[in-house]
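Heads up, there are several structures right after this.
Each of the next two complexes has chain A plus one other chain: chain B in the first, chain C in the second.
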Partner chain A sequence: MNLWKLQILAIIRIDLARTFFSKRGLWIYLLALSPALPMFGHWLFTDRRDQLGDDVQVFAGIFQFFYLRIAIFFGCVGIFMNLIRGEMLDKSLHYYLLGPVRREVLIAGKFISGMLAAITIFCGSVLVQWVGMFVHHPSDLLWAFMFNGPGMSHLLSYILAAALACIGYGSVFLWAGVRYRNPLIPAAGILVWESANGVLPAFLKKVSVIYWLKSVCPISIPAPKNAGGGLWNLLIFDIDPAPAAMAIVNVLLLAAFVMIWAGIRARKLEIGYGTD
Partner chain B sequence: MSPDILLENVSKFYGEVLGVNKVHLTIPPGITSLVGPNGSGKTTLMNLIAGLLQPTRGRVLVCGLSPEDPERFFRVTGYATQYDGFPRGLTGWEFVHCYLRLFGFSPAETERLAWEAIERVGLKEAAERKIAGYSKGMRQRIKLAQAIAHRPTVLILDEPLNGLDPLARAETIALFRELGREGSHVLISSHILHEVDLISDQVIMMSQGYVVAEGQIRGVRDEIHEQPMQVLIRCDKPEHLASQLFHHEQVVEARVHADRAGLVVRTRSADSFYKLLNQIALNGVTIESVAPADDDAQSVYEYLIGTEESTK
Partner chain C sequence: MAVYKRTYRGYSGPVTSPLWRFTVLQRYAFKAVFKSRLLLIGYVGCFFAPLLLLCLLYLNQNASVLVLINQKVGFLKVDGQLFMNFLAVQGGLAGILTAFVGPFLVAPDLTNGGLFVYLARPFSRAEYILGKGMVLGSLIASITLLPALLIFGVQGSLVGWTWVADNLFLGGGILLSCLTLMAVFMLMGLAMSAFVRWKIVAGALILAVFAAGKGFGAVINNVMRTENGYFLDLQHLLSTVAGALLRHPADNEPISAWAAAVALAVFCGILLLMLNRKLRVCEVAG
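For the complex of A and B:
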């Protein structure tokens, strides 16, 4: 195995252990699993066993309005901004920089480790939520939904959307973490931009991660008849989705672009935690 | 490939603030101490040599290698910084082992080198404990283990003796000497000047971002012509000797030592003074010993940098 692969694997092992097992990261698990709580509550405390269609809509709503926009967004803030900036705050980034590692390789290793952690946590949580939302339905109905109906396709689409969200938002927050000394300010700006997606002109909507994520979601959430515009417009996705393949390619291109940019930028990265 | 550390006209500015300015240095193998008051640029200079900072002007080469070639450069350098930060949740052994893996050694070799370094700094018993529970001295030693684990030939150590108890201090100094004898560069910054005398083959003195002196301490002292040399003479009749010395123009000052068993003389020319002393010794004064009294790091530091900027 060549040196770069060995180094990337070493970086991934160090960073994954840190992300998965640190007390600091506990809130990310809570955030990822937070939609599962009402879903399991729905399983335990409601008796609407024949309302599978409603559950499909509710799941889609929670996934698109909360999970993508809030849970994965902030989870990626926590994971990807810490890759570089968090280690600056801990005064431990220099241990990497003092190894015989090209900065580009370091960035690649860190991004991959962040991506693996985020995808594991957030795609895993989609599965848990799915179980919580649908498992209480009669087995024959559930079987038909999953294997003779759209169930499996929906589940895979949600997992794909969650994975793309981790990659897309991960790229954006890697950029912010490398570019800015205090990346929380750009993160707030990105949150506003992504939230305003529903009221932006069509061409600007495409300059966002959420637009491409919507394109791989299996269900569009229509605005309620009595919603009457206003704030509701901030939540709905009201334009034609792009083909899923294009959405996947564009998110991956974004990730590749940010990795290349961050690798070049990292060549000039200096350590100055304090002064003499 | 040059075996030296080479800094050519190196300057580093943080915006408008000067870090170091116009530094020309050639540092040969052996133990070199970097001394200077807080804010003098020691850490900046070390970070520049170690590749953690990039010079605003000039260039740095370590054994002919530039930090721009990290895959070769960081195999020959090891740096224990003054930063007391560690990755969270790791034991001492995990800390040394995980960063060693970046070097691409085989798993068995990585493990062997990690244990070797940990044993070398005397932390084998505590290696399986979390670093968060280590004392300051143990943290210093595990950083040192991490810096030497890949067997670098250039070792850069920022305040490595801080927080060490006397025994650990002595052991660590012995380790530096061992590394120096093996032909490594050991570049140490220190505030403790009497230890600089004990440890160093050469010193670099810094003040306000400039290198004010470099070389062997005695050589540096010889270059400070404006300060008369101090010589301590142990003899049986110090008052008598003093009275004889006052007649000679190269003697600036002669005072009886506090224990009244010797004389401290300040002279403009040590060589002339030693010749004079030979003549006087024949005139009935028994001289037990003659030794320079101010060619140590403390004195040289005070002459060059001043007591107002004295070290901690």
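For the complex of A and C:
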């Protein structure tokens, strides 16, 4: 195995342990699993037997409104910004920078470790939520929905969308962590940009991650009619979806471009522990 | 240990009255806050909407100018809805301001072990919280309460005191709504700053509490087919209380104003408990 691969594997090994088991990352698990709580509560504490179709719609709404736009977004802020700025806080980044490892390799290792952690947590949570949402339905109906109907395809689409969200947002936030001393400012900017996606012109809609993610989702959520919430309603505005294959390729291309940019930028990375 | 040089002498100058001692902390914290040029620009930007509204109010009563743009006097209706919209915009800006200013208040003292320097003086924890909180409080008041009251006063002076007498409840509503907003944002800024010592994460967490609370509340409402999820939605709770105070409640409001007020009080209580837990200098074992 060549040197770069060995170095990347070593960085992944160190960072995965930090991401999965650090006390600082506990809230990411809570955020990822938070939708599952009412879903299991619904199964355990209510007698009502809902129509399967209603639950499919509710799951789609929660996934697109809450999970993609809030849970994964803020989860990726926590995971990926922690990879560089967290090391600054712990005053441990210099161990990497003093080692005989190229900055680009360091960034690649950090990105892959963050991506693995984020995909495991957020895609795993999608599975848990799916079980919580549909487990109360009769087993024969569920079997038919999953294996003779669209259930399995929906589940795989949601997992794919969650994984792409982790890759897309992760790359952008890792770049922000490398580029900015206070990555909260770009994060707030990206949040506003992604939230306003529903009202942007067609061309600008495509300069975002959420447009491509919504294109992968199997069900589109209709725009609210007379719903409260003001500006928050922007989050659930409908889009004209792109083909799923194009969406996947575009998110991967975006991530690759941003990571190359971050790698080049990392060559000039300097430590300023005192200022963080 | 022998003391050779007794160069230390106690301070003998005038001391700040114990009642106003917290303002010392506020004064110094303000200087630190406005060191950031970006924050200063953002803060100044928060006055764009109030200035625009003041200009519109003036135009609203200026017949000669309105004729030029084919409008009639009173095209802008100044009522509870207008103040609700104004406070919603300014409240959003206040939330963003809290996310950027809040983490700079308590976290550095805790991270660098500076809290004991304050508390070793005749300065209580409550005064510390009040002093630091008033930094946020005065910033929020300056972009919400003061402009809203100014708009109320200007409208009163333009239209006449009969309008003021008829709409006095608006003044009271603005005052109470803004004080509630200030209390919630102040405590949240301080609690997050104390709880998460990394300033960037604390700021993100403040934004996330609003976004995730709203989203999680919607999840509960949809999955459980209930309306109790609104109790986790801070923005909804604040607008429900403000709507009731400004006598402009939303149509089909799912929760009562009293229930929203109690939920906000419980939320503030939890934040205070978090602060109380984190702001401890040391515990001496007997």
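As a working rule, the second predicted complex is superposed on the first by the 258 of 276 C-alpha atoms of A that agree within 3 Å, B and C clash if a C-alpha of one lies under 4 Å from a C-alpha of the other, contacts with A are read in each partner's own complex, and residues count from 1 in each chain.
The rule is short, and it goes like this: contacts are C-beta pairs under 8 Å (C-beta built on N, C-alpha and C of every residue); 3 or more make two chains touch, one makes a residue touch a chain.
Here the structure is a predicted model, which is why all the values come from computation and not from measurement.
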Clash or fit, chain B versus chain C on superposed chain A = fit
Thinking of the overlay built on chain A, is A:L141 touched by chain B (first), by chain C (second), by both, or by neither?
-> neither
Which of the two partners, first being chain B and second being chain C, lies in contact with A:S22: first, second, both, or neither?
-> first
In the overlay, answer first, second, both or neither for which of chain B and chain C A:Y95 touches.
-> first
Under the superposition described above, what is the C-alpha centre angle at chain A formed with chain B and chain C, rounded in steps of 10 degrees?
-> 80
Mind working out whether A:L155 is in touch with chain B, chain C, both or neither, as first, second, both or neither?
-> neither
Is A:I11 contacted by the first partner chain B, the second partner chain C, both or neither?
-> first
Which partner does A:E270 contact after superposing on A: first (chain B), second (chain C), both, neither?
-> first
After the two structures are laid over each other on chain A, how near do the C-alpha atoms of chain B and chain C get, in Å?
-> 13
Chain A residues contacted in one complex by chain B, in the other by chain C | 24
Residue numbers on chain A that touch chain B, as the complex places them = 3, 6-7, 10-11, 13-14, 17-18, 21-22, 24, 87, 90-92, 94-103, 268, 270-276
Chain C touches which residues of chain A in the complex?
-> 24, 27, 31, 34-35, 38-39, 41-42, 46, 48, 50, 58, 61-62, 65-66, 69-71, 74, 77-78, 81-82, 85-86, 89, 133, 182-185, 187-188, 191, 228-232
Interface with chain A, chain C side, in the complex: residues 38, 88, 92, 96, 99-100, 198-201, 203-205, 207-208, 211-212, 214-216, 218-220, 222-225, 235-236, 250
Which part of chain B faces chain A closely enough to touch in the complex?
-> 14, 19, 38-44, 47, 50-54, 70-75, 77-79, 81, 83-89, 98-99, 101-104, 146
